[in-house]
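Structures for review follow.
Look for subunit A in each of the two complexes below; its partner is subunit B in the first and subunit C in the second.
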Partner chain A sequence: MNADSISVIKVRDILMVTMPPDPDDPTVSALQDKVLSAMERYEAKGVVLDISSVETLDSFFARTVSETAQMVTLMGGRTIIAGMRPAVAVTATEIGLTLGNIETALSVDRALDMVTSKPRSKKLQ
Partner chain B sequence: MNAAAQGEVQIQTESDIVIARRTVREAAAQTGFNLTDVTRIVTASSELARNLFKYAGGGVMRWRGIEDKGCLGIELQFIDQGPGIPDTGLALQEGYSTGDGLGMGLPGAKRLVDELEIQSVVGKGTKITLKKWRKS
Partner chain C sequence: MKTQMRPNSGQKQKSAAAKEITQNSDLLQLLVDSIKDYAIILLDTDGNVLTWNSAAERLKGWKAEEIIGQNFARFYPVEDVEKGKTKMELKVASEEGRFEDEGWRVRKDGSRFWANVVITALRDKNGELRAFGKVTRDLTDRRQNEEKIKKQAQEILEMATVPVVQVWEGIVLVPLIGTLDSQRTQQLMERLLHRVTETGSPIALLDITGVPTIDTQTAQHLIETISAVRLLGAEVILTGVRPVIAQTLVHLGIDLTNVITRSSLTAGLRMALTILKLDVAPLKTL
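Up next, the complex of A and B:
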């Protein structure tokens, strides 16, 4: 795997998607395609998006993540964003970025706990 | 980093946006900004570098170390010969976008730095200057 590309691994019913630290725009754009085609191929129940190595979350990146999560929801899946760094969370809040109603988790471990516990009932808004 | 340090990055392709981010990250870290401030500056530069690429067909990012009364900081300039911004006040408004963006690039960047100034002439180009000072 190229260190600068997105990795998608199926673990049981879940897609573990890992973002590289500093992806260029085409790599970010590829997120949607990779995740949606893997959802279909593996009949996954949901996606855990690991952004723990991501150092910069700008508006383009945030929008792509948010749209991808919406699409996963439409396909009947669930998305949990895991591992946002503190400095990234501060900056994202100040810049006014929201990730819609996507679930978040402190770490991939916590995200997996969430997925294996009861499913989320909240509807797509 | 001392106040004389400076450099520039040509922004013509999408990978140049990544190079701009890395350059700014290194320069800001060397100025002694903490990680949160480094992230703020890098995020602002990412928004503006992308604007150069998307709306102006490319341009140049210049950075330099600055000093005022013993206070250190960093100045970034994003210069293009693009179409220009007819109404700079409007461009800084939340949610305003001529492209397919969220309209939060420029106003978002402004909130992450201490100063942001836009000089733009329609048909000639745009120069956006931003400054961030280190809290001593």
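Up next, the complex of A and C:
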């Protein structure tokens, strides 16, 4: 598997990033570079990271995603993780992984809705 | 006087003791015959019935005269006899002094009962094997009860697996009832996550009205569930936070500031509708 297996597509002013089913460490590392350079090139408003095909989530992946999201925020964008599988969420919770304050969405569809609408306040109460 | 008295009194004591023994032996016989719960059967060294008590008659269904002289294999299911179970039992009993077993036995009419059987080797003073004593107890009721309890426990466990109900497009509800342990939380988490994904519901209402008390562990389990749901991209609203629960949570120092909580399910549902930008309005009658 190589870095090319990550696809970064610009749709309007959003970056659609799709992860392969079983990303290895180099692939994960490449994710950050690809996303950040695309952010610079397109001045995108947000990043939607589609992980609906990802079957395993390790701490390295989680940390990279979390860091990348912070960097995207610094560059003026929003990051939304879309389509995490239930099994992945269970494992992630079991080993105590969190994605920090990154927004999540059930599907890419909903993620797009979220990006185009106003940013939802973190605290809803 | 004293010297004369001694042998006399000794004899008297002896005969009294002998009388007592005879009396006790009569009583023992009475006990054996009167006992209702245990079938007591005397077998010769080959396993043929020598005699038995009335409880055995009742339990096995045979009349004493029908069974005396017959091999005790008559009490066993055919397949057990074919496997040599009865011979093995006598062998073990004679070698080890006793044999105990629990299993199916057969009545005269062919019906089966669940029995606890103890076979004891009866040896005289010289160690010669004289007979076998067999004590059988009908445990069918106990076994049926055990099976019933097992079944009920299973049912309760199945009931305890948390239902996840879709109450509105985009809203699923989990009414939690009873104490939450790790196993239940695991089930809850898996089912909730699957339902959220299946129905594509951005909101999950977790109602804890039916949870009697919350301890640190339970709270931890809830927090885990909530963060797992969030990873999927849905939001959890914790409802049914009663005053007692609220007090406990604060006293235990459990931080739920990042979780939307409401005191009642109604309030939670209203919150959910607000998030989904839905409004419930009375019908306008013309």
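By our rule, the second predicted complex is superposed on the first by the 115 of 125 C-alpha atoms of A that agree within 3 Å, B and C clash if a C-alpha of one lies under 4 Å from a C-alpha of the other, contacts with A are read in each partner's own complex, and residues count from 1 in each chain.
Methods note: contacts are C-beta pairs under 8 Å (C-beta built on N, C-alpha and C of every residue); 3 or more make two chains touch, one makes a residue touch a chain.
From a predicted model like this one, the values you see are computed outputs, not experimental measurements.
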Fit or clash between subunit C and subunit B when superposed on subunit A: fit
Which superposed partner A:Val90 touches (first subunit B, second subunit C, both, neither): both
First (subunit B), second (subunit C), both or neither touched by A:Ile6: neither
Contacts of A:Leu49 with subunit B and subunit C, given as first, second, both or neither: neither
First (subunit B), second (subunit C), both or neither touched by A:Asp25: first
First (subunit B), second (subunit C), both or neither touched by A:Phe60: first
Partner chain in contact with A:Leu15 - subunit B first, subunit C second, else both or neither: neither
Minimal inter-chain CA distance - subunit C and subunit B, angstrom: 8
Footprint overlap on subunit A, comparing subunit B with subunit C: 85-86, 88, 90, 94
Touch list for subunit A against partner subunit C, complex: 80-86, 88-90, 92-94, 98-99, 103-107, 110-111, 123-125
Contact footprint of subunit A on subunit B as seen in their complex: 14-15, 17-18, 21-22, 25, 35-36, 38-40, 42-43, 46-47, 50, 94, 101-102, 104-105, 107-109, 111-112
Contacting residues of subunit A [partner subunit B, same complex]: 22-26, 55-60, 63, 85-88, 90-91, 94-97
Sites on subunit C touched by subunit A in the complex: 189-190, 193-194, 196-197, 200-202, 224-225, 227-235, 258, 260, 271, 275
